[in-house]
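Each of the next two complexes has subunit A plus one other chain: subunit B in the first, subunit C in the second.
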Partner chain A sequence: MRGLRKVLTPFAPDQSGAVSVLYSLGGLIVVIDAGGCTGNICGFDEPRWQGAKSAIFSAGLRDMDAILGRDELLVKKTIDAASRIDCKFIALVGTPVPATIATDYKALKRMMEKKTDLPILTIPANGMRLYDEGEAMAYRQLAEVLGEEGNENKEESETVIGQTPLTYGMDYKDVSLEQMKLLGNSKIIAASASGVSFAESMGLRYEAKAEPAMKYLTEDLKGKVLVCHDEVFGKTLRDNGVDLDIATFFTLHDSIAREGDRKISEEDDFTKMVLEGGYDTVVADEILRELIPDFKGKFIDAPCFAISGRH
Partner chain B sequence: MLKIAIYGKGGIGKSTMTSNLSAAFAKLGKKVIQIGCDPKADSTINLLGGEPVKPVIEILKDGVDPTSIEEISAKGYGDILCIETGGPTPGLGCAGRGIIATFNLLDELGLFENYKPDVVMYDVLGDVVCGGFAAPIREGYAEKVLIVTSGEKMALYAAGNICQAVRNFEDRGYAHVEGIILNKRNVIGEEEKVEAFAEEHGVKIVSKIPRSDDITMCEDRGMTVVEGSPESEAAQEFIKLAQRLIDGDK
Partner chain C sequence: MTKKAICFTAGKLAELGKENIPDELLSGKGLVYSSPATLAYNSPGAEGYGVKRAGLAVPESVMLIVAPGCCGRNTSLISNMPGYKNRFFYLEMNENDLVTGKHLARIPEAVTEIVEFLKDKTPRVVMICITCVDALLGTDMERVTRKAEEALRQKGFDKTRVRPCYMYALTREGRRPPMVHVRQTLYSLLEPMQKDPRTVNIIGNFAPLAEGELQRYLTRAGVTHIRQIGTSESYEDFLKMASANFNIVTDPEVRAAAEDMNANLNIPYIELTRVHGIDRIAKQYSAFAAATGIEIDDTEEREEAWEAVDALKERYPDLTFNIGESSNCDPFELATSLVRYGFKVDEIYATLSPERFVYIKNLARLSPDTKVYCNMEPTMIYYDMSGSKADITIGKDAGYYCPDIPNIAWNTDIKPFGYQGVRDLMNSIASKLEEGRA
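Let's turn to the complex of A and B:
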């Protein structure tokens, strides 16, 4: 039955991806929700939550806020919070509630800009897309709102985009605000699907390469291999000589995909791909092993936090 | 208990029909509640001498948690209990959710159990645009739907959509279409057009309300024609309809 999952839990959604990108950048992050989404973002989708501080607030929407669309109240509360902490920007991150009541992010941004000089980022996540799309939206907002035209980094430098904990656990690499301001002359290393989405949508030159994938480049990768993880994770191994197909629950860009690669969405898609593909080795999060009890080849665990919450 | 929801195209006279029907029920000795389910909150104004009741959403917005029916209602002509859901500023928030919140509150306050009305009238926004606006016809609320229309093309088009929407809900145990109230605008061939529509959609015309200056003059004085000009042809039509609905409910 399509859409029914017996093993996998729902993957990290777009609002979690957006917050993951912004987490360590020193901004005031306001998740426009009743509280549950913020709870999930911090409690389930953010491995840094126990160890590193970040100013993440829930808008704490209640029935009357949704019914009346009290934008002024949200603006007031946000500006008040921003005045009490030292923050470098304000980011408004959407969830299903504002998506349903058609919250106008541009209007919120304009209203807030009249009350503060802080840059305002708006990320209209809706909880119905997956985390990589939320990450790409957040990167794009950082570049568009903070980017300084004509003040490009004069030195050839590299900026790694998309190496967040949701894809790579504690092998993450944050961007800095300075990097996002001076992207103009930078070479983008797109470390995951969100990095590719970002670079392509901004028309930036990039190389798709995931450093965290390199540790899987061992002699265990024998025969025909299926990698079910992020597309760039798979591409990196392929570029290093591994004969593999990519399966991904997340975005599979035309620029990355080769014959045999597949974007999958159902548990059965993965099971079928493994059983019909004649693979000798499967590289995927351990939680997916339960979907292929009849697979006789080698299974290599490659955790993906967005899929299993493991790292 | 007779529970009726009035639907129809915006501006077709739903509030006028609803208020006059409520007044007619009251005149026949029935204990009536009228609930306006339009964010404009103007359904019951002509039962209240032109003085509007504060809408429920306005009360909740102020952080008040009402504990009695009296806090969210006003008594109007014939002791009719008047309630308005109200809603957000146009263009903001979610009006449908506002109706749901109001209905939840009415349930919590045990409106029907405690007040024990004979008749409950729901005056609903022009069209069933989302789940919130279908709330008045869900199980436990209205059991009969009356659709107000004239012979004008767009009014009949909206009436057709409402008929279809109500039919779509049949397997959910929602209300059924009881009939059409023809609110005459004196367009050419009006009665024939509405009769043809009724036949096509398998519904009956339950009342034909004449175009009447009496209605307009009474509304200018903040009252229904049943209150202000009870002997007029229009008022008598409302009273006859109310009696038929009572008889049909027995």
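Let's turn to the complex of A and C:
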């Protein structure tokens, strides 16, 4: 049955992706929720939370706040916190609650801009999309709101977009605010689907390459190989001579996909692809092994935090 | 901008009075800081026995979480615990469902598929867990679960019940918060049966209450069966809770369920609160004995509890504590008890409410300089332990704020009660401090 999961737990959602991008940038991040979504983000999806503090707050919505659409109260709480917390911007990150009550993010932004000089980012995540979409939205907001005009594509340095903990665990690479402001001066490396989405939607030139994938480039990748991870992870191995197909639960861009690659959604999609594809080697998060008990080939564990929550 | 966490002394708070508790200490007045405490209690599915784990307290039950993917995301933390494999399932909502509500029509099919998937281990209960979205959509879950049961009957699964379980973080401070509601749901499964005058239920906890004096007093009084949801070995065993003579309520969040059981199963209840003041424990047992007509001689246990307090006091006469709320205690009550024993309390990290103000009054009298911080307050991001004089901290959140001070989390699932709670706490503190010395 579509949408029913019997083995896997749900993957990292868009709001976690958005926070993952913003985490280390010194902003005041307001998750517009009742508390549960922030609990999921900080308590589960953000491995940096235990070690490095970030100003992530829950809006602490209660039923009547949502039913009555108390935007003024949210603005007041946010501006009050911003006056007491040292921050470089305010980011409003959506969840299913504002999605259900159709929160007007533009109005919230305008209301806040009247009360503070801080830049306001709005990321209308809804908890039903996947993390890579939330990451791409956050990158776009950073570039659109904070980006500076007049930069030419000088490519003086590299800016890696999309190498967050959700895809690569502790092999993550943060962008800085400066990099996002001056993107035109950089060569853009899209390290995951969110990087590709961002660069393509902004019309930027980029190279799709994932450095963390390189450690899997070993002699074990034999025969017909299936890589089930992020698309750029698979592409990187392919670009280095491995004959493989890509399966991904996340975005598969036309610019990356080759014949045999597939965007999958259901548990059964993965099982079928492995068993019907006649693969000798599968590279995927260990948790997916449970879906293919009859697979007799070689299984190489490539953790993806967004799938299993493992580093 | 002063980068400092906001706090108030107990003396100042008492002076302001319970009608004038500063906004910084109250829930709902500001954004909520992501401290370990707020992540746990603000998120009803998060740590310890949140709604998800609590909903599976009944043996032979499974749970279908019908929600946006984000709501089930952290469930793998529980799925990996012993006893939870193959007990969580997910029906993910999408954006169309939000508009059309079509996900509700798919629930009966999903429930049937899960029960068939489990083959030989047919569950006796399928809990349907829904979240904030359905709270706002006003979903009639009673109707949905009835439909799901009908679908199961058509497939020949006659004994499996389907019940709703509401993980509504939005209603955390409402009349029926999620943790109250889930307890009502669990005990609503009980059906009237013949009474056994020698059976007593202890309700409130999900894991069993630690074996201790309360059970001994009941046994000495002739009670032959002490039933708890956490000690039920099977669904049939759990159903026998309906035969109890009376319920002992150990957590105020089960009071609504106890009221339901009184009305529907004719089981009256009596409340016993988990406190750390020895005199208060003694008074409570005395009132309990008078109300139930059983005899309780607690001389020995009371003396043992005092001995544990005295031993710690003798070894560490000037011991100073910081106390958080991510623990099995009311931090204000514990602070008051410790101060009465002659210890010092430097800082408390907890959300204040008018109901807890009685402890503030006592603290103001005994320890006016004790500082009260609120876990929710945004400026807690600037909390700095260097100003603290504590030798030891209690509570997971206190350990987070003061990583360089010895900490006992005091948050196990199986909780000690009464005098035993005092003894265990004193002994744990002593062990932790000895560990530091070694």
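Side notes on the structure shown:
Heads up, the rule we're going with is that the second predicted complex is superposed on the first by the 306 of 311 C-alpha atoms of A that agree within 3 Å, B and C clash if a C-alpha of one lies under 4 Å from a C-alpha of the other, contacts with A are read in each partner's own complex, and residues count from 1 in each chain.
Just so it is clear, contacts are C-beta pairs under 8 Å (C-beta built on N, C-alpha and C of every residue); 3 or more make two chains touch, one makes a residue touch a chain.
Since this is a predicted model, take the numbers as computed values, not measurements.
By the touch criterion defined above, A:L68 lies against subunit B but remains apart from subunit C after alignment on the C-alpha atoms of chain A. By the touch criterion defined above, A:P119 reaches neither subunit B nor subunit C. In the superposition on chain A, contact of A:G234 is made with neither subunit B nor subunit C. When both complexes are overlaid on chain A, the residue A:I85 reaches subunit C alone and has no touch with subunit B. Looking at the shared chain after the overlay, A:G94 reaches neither subunit B nor subunit C. Counting residues of subunit A touched by each partner, subunit B versus subunit C, the larger count belongs to C. Shared interface residues of subunit A (contacting subunit B in one complex, subunit C in the other): 63, 66-67, 100-101. For subunit C in complex with subunit A, the touching residues are 1, 3, 27-34, 38-40, 42-47, 67-77, 79, 88-95, 98, 103, 106, 109-110, 113-114, 117, 131-133, 135-137, 167-174, 376, 378-379, 381. Only residues 57, 60-61, 87-89, 92-95, 97-98, 101 of subunit B touch subunit A when the two sit together in their complex.
If you check the complex, the residues on subunit A that touch subunit B are 63-71, 100-101.
Interface of subunit A with subunit C (complex): residues 1, 3-6, 9-13, 15-16, 30, 33-40, 42-45, 49, 53, 55-63, 66-67, 77-78, 80-81, 83-86, 95-97, 99-101, 126-130, 308-309.
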